[in-house]
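Shared between the two complexes below is chain A, which has chain B as its partner in the first and chain C in the second.
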Partner chain A sequence: MSTSVKRRRLLGRFISPIWMVLIAVVIIAAFISDRFLSPYNMVTVLQQGVVTGIVALGMTVVLIGGQFDLSTGAIVMMAAVMALVIGPSDPASIALAIILPLMSGAFIGAVNGLVVYKARANSIVATIGMQFFLFGAVLAGVSGQHVRTDNMAAGFSGLANAKLFGIPLPVYLFVVLVVVLSVVMDRTVFGRHVYGIGGDEEASRRAGIRVVWTGTLTFVLSGMLAALSGIFIASLVGNVDPSAIGGYAFPALTAVVLGGTSLSGGMGRPSDTAAAILVIAVINNVMTILNYQYPIQLLVQGVVLAGAVAFYSLRRVELAP
Partner chain B sequence: MADVPFIQLTGITKHFGGVHALKGVDLSVAAGEVVALVGHNGAGKSVLVQILSGVFPPTAGEIRVNGQMTTFGSPVDARHHGIETIYQTLALADNLDAPANFFLGRELKTTLGFLDKKRMAREAAKALIELNPNLVDVERPVRQMSGGQRQAVAIARAIHFDVRLLIMDEPTAALGPHETAQVAELIKRLRAQGIGILLISHDVRDVMQLADRIVVLKGGQIVGSVVPSESSEDEVVDMIIRGRRLPAGRAE
Partner chain C sequence: MTSPSLKALVIGLVIRTPLIPLLVLASFVPGFWSVGNLRTLAESVSIDGIVVIGMTIVMIAGGFDLAVGSVLAMGGVAAIVLLPYGLLASIVGSAVFGGLAGLLSGGFVTRLRINPFIATLAVMVIVRGATLAYTDTRPVVGLDDTFLALGGGYPLPYAFIAMIIIALLGHVLLSWRAWGRHVYAVGADERAAAMSGLAVSPIKLQCYGLSGLLAGLAGFLLAARLGTGSPIVGDATPLTAAAAALIGGASLRGGQGSIPGAMAGLLFVGSLVNLMNLLGMPSYYQRMVIGTMLIALVVIDGVLLRLRQR
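After this line comes the complex of A and B, so read on.
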């Protein structure tokens, strides 16, 4: 092995390419617009990234296990609608508006996990099926109408809007989630087994890993994180259009892939997904500052996703945990 | 033999839907005995291996370990009895490094319950270098290792954890002459330590050298069993092909 390869691998152990991309994108953004680095704008970037980021963290863990969770967008929507329908107006209902969506997300994740790992269904198709089911169920439940809460308690709206040192609470929670998930994936038996399953499911089964249990847990985690994201949306805006907010799975998947999680499983890191989320948020933010409209942003996101997949397949990154 | 064999299979039958992969197989391996299981592809060797390893249960039949009747609900159960398997595919997770594969499913933990990566790396490296001194850089994905190195990882993992019966599924099929000789040495060493070995192979010449007993399987049934010193390569090959012993076949 040449020294340059060795050096590159050593460097890659500490700094993934996506973090270097993030630094580069931030520097470029700062040059493009002096508004970019303003505290107000930085907070906006973080806030925009976090809602998708929480979804992406869960999808990262599922994908490290070698499976896709494409039902997350619908879980986000379901959780947001549930939270608002419960109508968080007093402390008791605030608790309910948080706990019920989270439990529902966990339950849907468990169903996804069992369908994929126990019944051995293809996860792409199974979770898209779950997505349609949830969309249908929620839209039927609210008769396709906007859902709003007029008397949202300060406690509930504070979940996403309250700030500590000028930074919204969800950003702190996101950082905590990234740290916790990084430790879980890198330092615990559960994490190691998820990497094992993603690398070779049959070998893992023969090594005595409880594949169905471990794999299902990854979907439960993903379902709960998607639900958490939905609760934040409900708290942030106080009203949702159910037919308009289901589109979180695709941007989240873009971040997961951009962060280097292998589409065939076994490789990836939650922290890299977080960096990718910020890269996308910065790019979108700069485009907004420069007055590029949503269609252009969508177009750029598509290019980023396809480009990232091509880049990683060419590079065949070696991200052993 | 006065003692009960370490493992004894009686009337093992396995159906996959309408396919009868095994039809009433009896097989035993004693401690310190090398039993070779030979037969064509599709004779049922791999199915038998997987039943013994706890991958799936037999449709019918008994498994006794040290005379005690038991069932293997999972690979963990088989391992619990000291039965370790080196699969022909090696069953390694290619994305993980050697220590991670070595301890897969039985990771060492710190007192706080986290993975003890340092201890696992140290112990795995020690076991691997003992087995194959060419393995210098163990902390890289096994995908990047050569066939011989990968096999060393699979072997080291199988013999590290208090093994009583080692099942080797075509251990030399993918190896060069030098590495094949190393595997033969290893088998002799383990046998001397009182470990039972079930050697699955289609290379009759190979197993004539190594086995104490050769059992021939065809069409899911045991054709017969011979002792190499009292038999010949031709006789065994004939049993594999015809599915019966020569009329002049000698008793085991």
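After this line comes the complex of A and C, so read on.
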């Protein structure tokens, strides 16, 4: 391999097209509204981006393995409701309000993973089925009512609200997660195996990779990250309408696809998903500033998803031999 | 496959689509076989049923249509909005809007070669967003006597009669016309179908267009029944439709399924939901049951594939 190609690849490792898009979107946003670059607004953008972003990171890993996890929206909701129902008022209940949702998220991920990898079910329909099941189960559990906790301990509400140098804690955690996941996907056996399974599941199986084990772990990871996101929501607002907060799977999927993760698996990077999350958060933020409400934001997201899929699939056709 | 023998039919209705066992069980629930309840059942399955027909055709062609729910909502809104221009404009308009949304899905799938689930997911969100934006998230109301009368019908609801007619037409199209054989061929093995000279892309495009058109028409009938076009209905429709088609013998891998089968599957799902209502179970539990059923169905779908590969 010649040095120039090597240098280009090295550069490409850190700067993929989506980061350019992010820079462009931020510049455009700054021109559209002078409120955009205000510190308060930047924190809002980050805060909104991170909640979806954590979900998207897990979905990225699942999609690199060649599968979809659309149950994440319901897991976010379940975790938020669980944390609030437990009612974190003292250190013991705070620990419980964090550990129990995470474990439930992991368990649901494990079920998803086994259904998809062991029983070979179509992951999109299976995880949508799981989403339905969870929505029904949680709504039945709380009889469709709002959940809130009156005496939330400062320690728990601090999880999402506390700030270090003016930036909320979850943002730091998100950065740490991106770095850790990047290293895990790039440098560990597990990560390599996930790319392998996504590239060619049958070949991976024949090469001795434990496909069911590794694949199920990706779903477990995704379930836990979605639950983490739900815990942050619970901590952030302390009051959740279970029937209104299920919509996290779609923006997260849009970000994963926009970040360049291949729909057929085997390609993608957590850091690119992070950039895509910020792109979407900036677009949504500007639309909110310009007073375009939820329906238009939904419409734009659908167009972004279709556009991103079309862009990458056309590019792949061109690159193909 | 085109003309199932009596034995196959019995096996199908007892084992593959356990409709007969379910109906026997239902006899123990008081009120199930009453005329009033049967009419409720017919009314509740008819809207989804029209959607199921389109979904089944798309699934036979090896695709999937997640957009049917939001297209249904759009069809309902279009029906009400176009009502002042006459009943015909209302019917044709909702069907045309639905058909266009279906063609958009089909275009993504065939021209851009996008995975059908993701393509129709994007269209689902685009259509939902557009409908919500157009109506400002509020239901639109239509008051026209003929229009509202179309939402009723006694003893059989007109929507149910429409479903039966469309199902018969669809069955004839799939089983007795060349087009139907082409759809099965495309779904079973796209490459082989292309090599045998079939115009694969147009056939798939037509399937998606048909599915959208039927979903739009279903939206019209729902709006006629409710007297309103709500932009938020139909979030469970793609799942119910997929469950019915899967129970009725369709596969996520294409090339299989039939409209009579899907109708049996629809009756199964509809009777199950109806029973849960009769037993007074809250709708949350119904969601749980549908979700579980869907997971079980795709697991069975996967297992059947592995058995066949052996």
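Definition applied: the second predicted complex is superposed on the first by the 302 of 321 C-alpha atoms of A that agree within 3 Å, B and C clash if a C-alpha of one lies under 4 Å from a C-alpha of the other, contacts with A are read in each partner's own complex, and residues count from 1 in each chain.
The rule we apply is simple: contacts are C-beta pairs under 8 Å (C-beta built on N, C-alpha and C of every residue); 3 or more make two chains touch, one makes a residue touch a chain.
Predicted model only: the values in this text are computed from it and were never measured.
Once chain A of one complex is fitted onto chain A of the other, the partner contacts of A:T60 are absent, as it touches neither chain B nor chain C. When the two complexes are overlaid on their common chain A, residue A:G136 makes contact with chain C while staying clear of chain B. Residue contacts after overlaying the shared chain place A:S222 against neither chain B nor chain C.
For chain A, the partner with contacts to more residues, out of chain B and chain C, is C. Within the superposed three-chain model, A:R192 lies in touch with chain B and out of touch with chain C [touch as defined at top]. Of the two partner chains placed by superposition, only chain B is touched by A:E202; chain C is not. Contacts of A:G266 after superposition: chain B is touched, whereas chain C is not reached.
The intersection of chain A residues touching chain B with those touching chain C, taken from the two complexes, is empty. By the touch rule above, chain C contacts chain A in their complex via residues 64, 108, 112-115, 117-119, 121-133, 136-137, 236, 239, 242, 252, 282, 284-295, 297-299, 301-303, 305-306. Against chain A, the residues of chain B that register as touching in their complex are 53, 55, 74-76, 79, 85, 87, 89-97, 100, 104-107, 109, 113-115, 117, 139-141, 144. Contacts from chain A toward chain B in the complex involve residues 183, 186-189, 191-193, 195-196, 198-200, 202-209, 262, 265-267, 318, 320-321.
Per the touch definition, chain A reaches chain C in the complex via residues 68, 115, 119-122, 124-126, 128-137, 139-140, 143-144, 250, 253, 257, 263-264, 293-303, 305-306, 309-310, 313-314, 317.
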